[in-house]
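Two complexes follow with chain A in common, the first pairing it with chain B and the second with chain C.
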Partner chain A sequence: MKREKRNQIIWAVGMSLASFVMLIPVIMMFMTSMKTMEEIKSPVFRLFPASFSFQNYIDAMSNGIWPVYFRNSLMITGAAVLFSLLFNSIAGYAFARLSFRGAKIMFLFLMMGLMMPPQVTMLPTFLIMAKFPLMGGNDIFGSGGTGLVNTYAGLVIPLVSGSYGVFLCKQFYENFPRSLDEAAMIDGAGKWRTYFTIYLPNSKAILATLGLLKAVSVWNDYMWPLVMTNSETMKTVQLALTMFKTDSGVMWNQMMAAAVLVALPMFVLFLCAQKYFIQGIVTSGLK
Partner chain B sequence: MAGQQSVKKFRRTRGQVYDNCAYAMIFPAYFVFTIFILVPIGVVFYYSITNFNLYSKPEIVGALNYVNLIKDADFLISVQNTLFYTIFTLFPQLALGLLAAVLLYRKSRLLPVFRTAFYLPNVMSMVCISMVWLWIYDPTFGVLNMLLKTFGFSTKQWLQDPDMAMFCVILMSIWKSCGYSMVIFLSGLTSIPDSLYEAASLDGANPFRKFLHITWPMLRPTTFFLLVTGIVNSFSVFEQVNIMTGGGPLKMTTTIVHQIYRRGFLEFKMGYASAMSVVLLAFSVLVTVFVFKYGSKGQDVDVS
Partner chain C sequence: MKKMIMPLCAALAAATILAGCGGKGEPQNAALAGDSGAENGAVQTETVQAEKTKLTFLRVGTEPERKAYWESAVAAFLAANPDIEIEYQECGYGDDFETKLNTGFASGTAPDIINFTMASMGTRVPLGQYACLDEYAAQWDGKDDFMENALTLGSVGDSLYGIAVFPDPRILIYNTELFAEAGLNPAAPPANWEELLEYHKKLVKKDGDNVIQTGFGIPTSGTNMQHYLSVFIEENGVKNLVDEESHQVLCNTPEAVEAAEFLKEIADAGIIRWDSNNSDQNPFASGLAAMTLGNMTDFHNWNQGAVSGKIAMASPLTHKRQATFCGMGFMFMSGETPHKDEAWRFIEFIASPDEMWRRYEELGVTPMRESLRERYVAENPENNGIIYESINCGTGSPKVAYANSVYNAVNDAMERVMYGVEDPAAALDTAAAEIQKEIDNQ
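Showing the complex of A and B:
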């Protein structure tokens, strides 16, 4: 018994050390965000700033129109999460529970998306967006204007369909007891009602998982906004963050302050939802 | 396109046994998938044999783009860099993730805390992380050189050094992604029945043998899943390269997607960049098929 206790303590100490090593860059990001440039430039390295001041945060946020960047990122992330959850879960339900012609082949087609780096289709997707008919000054043949480039729709629409999301939802719904369906059928509920009154309310775990994964990936996305936007007012926080990297005289403290603010929403989201997140990974058979 | 065709087909031959509302249910997801994944794959193949440059009408030039690709020194070095990055990021990251998972796996209230610590870098954006590591690697004010100086070693140029830049990018990428592998491996570990370990203990097996003969074989599907998704992800490495080094110094960190971005969106050589995209797609599919064929070794392994 005593030995077990000792092992437990050794384990806890060892893992705490490992966790600390993992977190060093994150800790340094926080610490540097409160230092003055003199402290950063001084040859003696100290982990803690001389005084905890939030002046860098104020200065960083006045560099560009950050409220707009945050609004853009928030809108894009919110819309992408909402629509992708709805579309993926309803498609997952159909593939898991309904029998229809071509179901197998259509699902296989959808799974092709899992094997393909999204960057392969980035170029044509951009062109399709730019040539979208009747949008952004385009005529019906898709010429004349800028299409969906530089719009929220252009940033969000390609993100709402996810092969991974449909796959996870299908897996999840296949584990639902069939008797639920039968009970619903006896009560005279159609397939739509069965989905909306039984399946959807009982899929909190998978929706939390998918929602979190999607939110993190959309909020953190750099490439698609880089390609799809070209104006200051459509920038997302990730694009704005790269502005701090200049060729000379980088204000490291302000850069770190902005990095903290950009990372913070996802930290909070993850810490709040991690129970669902881990649970979802396990239940969806991703083992 | 498959979705729309099926909808038409169903209207012509209305069957009683089928749940026809399924087509309406999968329509939103499938429509977006078709327009933004399936159609673009076709489009990228078409553009790859044209000289499209965004402003003029595309003309078919046959295999010219592909011929030029083979002669393009920048592209060849980007392929080499991408493969290098994939090998030296993926395997250490999987090994570290597995090691962390095996060490962490224990019934304790502290487990979620440690798991969170390991996973945290993974919820930060590549931009954030690149910014932090830009500072860490900075030759004058960076913390790495400061530590080296403190202990009396000579300082390094890190990202500005052609021989080291790729390793710097790789180190950062391993740090970011090993937490993800760890979480997946941990969930794989929880599905291994305890009885196996108990039986092994009765036979007097030490922890190392238990790992070799129980944990490792039982985690095979997990490893396989991580390997396939990891390869596809590593092949498309771009963000950290574009932000931290811009492909330099001396093109030592440029990657395939970085070249696609440069040629396509900065030089507007859409046809040429499409040919690169096709090569990237071919690489991903080939390696995935290869791993599927030889990685599962005839065992009944599910991708899930």
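Showing the complex of A and C:
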């Protein structure tokens, strides 16, 4: 009993230390956001600021049109998460539960997408968006205008699909008992109805996991919005953070203040979806 | 049929929502799109808008002050050119800007006008991404008035590709208080190498073996070491680190080695080690160095810090000739733009005397026209003449596609020299071999 308790204490202390190590960058970010530039530049490092002041937050938010940047990021993240959950879960269900010709080869191609670095697909995807027919002044053949460049659709559409999400959903749905499908079939439900009335309502854990992962990746994405947008009013929060990087140096205090605010929505989202996230990891075999 | 209804409905709903997303955040740069005239009738407005040529202008950097300047400059240009519409874009420095530009050129959506650095010419001119401006410059009234060196810096070979807008010279800056303490005349900064070394030795203070104050503050590591070497090799008569036209490596010529040996002599006489990647470490800023090289922003920042009111600018040193390093921001015309005439009109407007003077008043940017020189110097006789002189004799980064390899090799070599790992000749020979390898791979 004593030994068990001792092990528990060692475990708790070890995990607390590990958690603290993981928190160091966040703590540093928060503390730097409270410091003046003189304190940051000082050759003597001090973790805590001389005085806790939110002036950097006020200054940072006074630069640029942050409500617009936040709105853009929220809209893009929201739309990308919503559509990717819908499409990925439908595709995952199809691969897990329906037997159709070419399923294996299609899944193989899908898995190849997991191995493809985004830099490789960025330019072709950009071209597809820029040459999108009948959009942004383009004719039916996709020329003459800018297509979906600098639009919400252009930012969202390429993010909607995703091999990872399909794979995750397939793994999750494969754990469902076959008897569920049989019972649905006996009751006269078709494939769509089975999916919408049986599978989807029982997918909270995987959808929360996938939604959270997607939301974090879209919210933090820098490269795609950088390439796809070219106006102030379409900037996302990640792009806006670069405004604190000038040719004469980085305004670390304001950048860290803005970074704290930018990280906040994802922090809150993770706290809300934490329970389902862990469930989803356990049930889908995700590591 | 019934089975098809569900997926069709889902697809329709998705298409409808995504189409709704096709909108843009706000009407883009409505103020920049030109006042199409509320006074005119609706029909007339439509006609004018239909005839408008739309240009995109991408500038490097996101500083709010410069953005305000560019937006007002674009607005002023549009007011005078109602047949043109300009979409203003900006992007941060470094890889971000390169990525943005690369994607634009690769997809045929590159901006028509680009404000970017001199170093970019090395890679983008050979690719045809920047248009040659000779044809326009030949008919340009402002050419004869423009600072000759600024035109040279914007040229590759004999062809003009960029019109200079933002000069960034390295200026010799010194601490008058430390000069006075060392018995030197604060009004007579060093003018040549001999004086620099003499002053440096007089200004070094040691506590035992530790240097507690240095004369000429030069870095011992970091990615800006090549700027310091460039200044001294050019003062010693070398064209640049490499010859842009013949692609001959020049960083290990006898004159270049002599310059590196001179820097080593300064270091041996006593310096405080610092990394040029971190300008905050520069001992000049804290009053521990009496002289250094810095740009106008450094001067401004230092003058607000620990050495406020104690610093002054000095003319570039002369050895075999007077020289310094001078970076430059240019206006480039895309080689792919179908609207070359309109793009040139905007570039010409930005290079006009009025705009130059406005840039000086709003951003402190040195006007680079001979007709404005006197007026500019009269505004601040103490410093402006020196700044103008520094730009006029400045040479920038070599405009070659392998410029980054040159910087890396020279920075590594100078670090080895400064830490006494290798003697200057051997270190620069190693750097030259690395650069030659890169040239051979091109």
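The rule is simple: the second predicted complex is superposed on the first by the 262 of 287 C-alpha atoms of A that agree within 3 Å, B and C clash if a C-alpha of one lies under 4 Å from a C-alpha of the other, contacts with A are read in each partner's own complex, and residues count from 1 in each chain.
By definition in this document, a residue touches a chain if its C-beta (ideal position, glycine included) is under 8 Å from a C-beta of that chain, and two chains touch if they have at least 3 such contacts.
Predicted model only: the values in this text are computed from it and were never measured.
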- prompt: After the chain A overlay, clash or fit between chain B and chain C?
  reply: clash
- request: Identify the partner contact of A:5: answer first if only chain B is touched, second if only chain C is, both if each is, neither if none is.
  value: neither
Message: Under the stated touch criterion, which partner chain does A:178 make contact with: chain B (first), chain C (second), both, or neither?
response: neither
Message: Output check: A:79 vs chain B and chain C. Expected answer is one of first, second, both, neither. What do you get?
response: second
- request: May I ask you to decide whether A:148 touches chain B, chain C, both, or neither, giving the answer as first, second, both or neither?
  value: second
Partner touching more residues of chain A, whether chain B or chain C: B
Message: Looking at A:259 after the superposition, I want to know if it touches chain B, chain C, both of them or none. Which is it: first, second, both, neither?
response: first
Query: Which holds for A:245: it touches chain B only (first), chain C only (second), both, or neither?
result: both
- prompt: For A:122, is the partner it touches chain B (first), chain C (second), both, or none of the two (neither)?
  reply: both
Message: Output check: A:18 vs chain B and chain C. Expected answer is one of first, second, both, neither. What do you get?
response: first
- request: Can you tell which stretch of chain C bumps into chain B once we superpose, 99-107, 207-215 or 369-377?
  value: 99-107
Field: Intersection of the chain A residues that touch chain B with those that touch chain C
entry: 41, 43, 83, 86, 122-123, 126-127, 157, 190, 192, 223, 227, 242, 245
Message: Under the stated contact criterion, what part of chain A meets chain C in this complex?
response: 41, 43, 63-64, 68, 71-72, 75, 79, 83, 86, 122-123, 126-127, 130, 135-136, 146, 148-153, 156-157, 190, 192, 223, 226-227, 230-234, 242-243, 245-249
- line: So, in the complex, the side of chain B touching chain A is made of residues 2-3, 6, 9-10, 15, 17-23, 25-26, 28-33, 35-41, 43-44, 47, 100, 103-104, 106, 108, 110, 112-121, 123-129, 131-136, 138, 141, 143, 146-147, 149-150, 175, 179, 183-184, 187-188, 190-191, 221-222, 225, 228-229, 232-233, 235-236, 238-239, 243, 257, 260-261, 264-265, 270, 273-274, 277-278, 280-281, 284-285, 288, 304
- prompt: Touching chain A in the complex: which residues of chain C?
  reply: 3, 6-7, 10, 14, 17-19, 21-26, 28-29, 56, 58, 61-64, 87, 89, 91-93, 96, 99-100, 103, 106-109, 279-281, 297-298, 301
- prompt: Any idea which chain A residues touch chain B in the complex?
  reply: 8, 11-12, 14-16, 18-20, 22-23, 25-26, 28-29, 32, 40-41, 43, 45, 83, 86-88, 90-91, 93-95, 98-103, 105-106, 109-110, 112-128, 157-158, 160-161, 163, 165-167, 171, 190-192, 195, 216, 219-223, 227, 238, 241-242, 244-245, 250, 252, 255-256, 259, 262-263, 266-267, 269-271, 274, 278, 281-282, 284-287
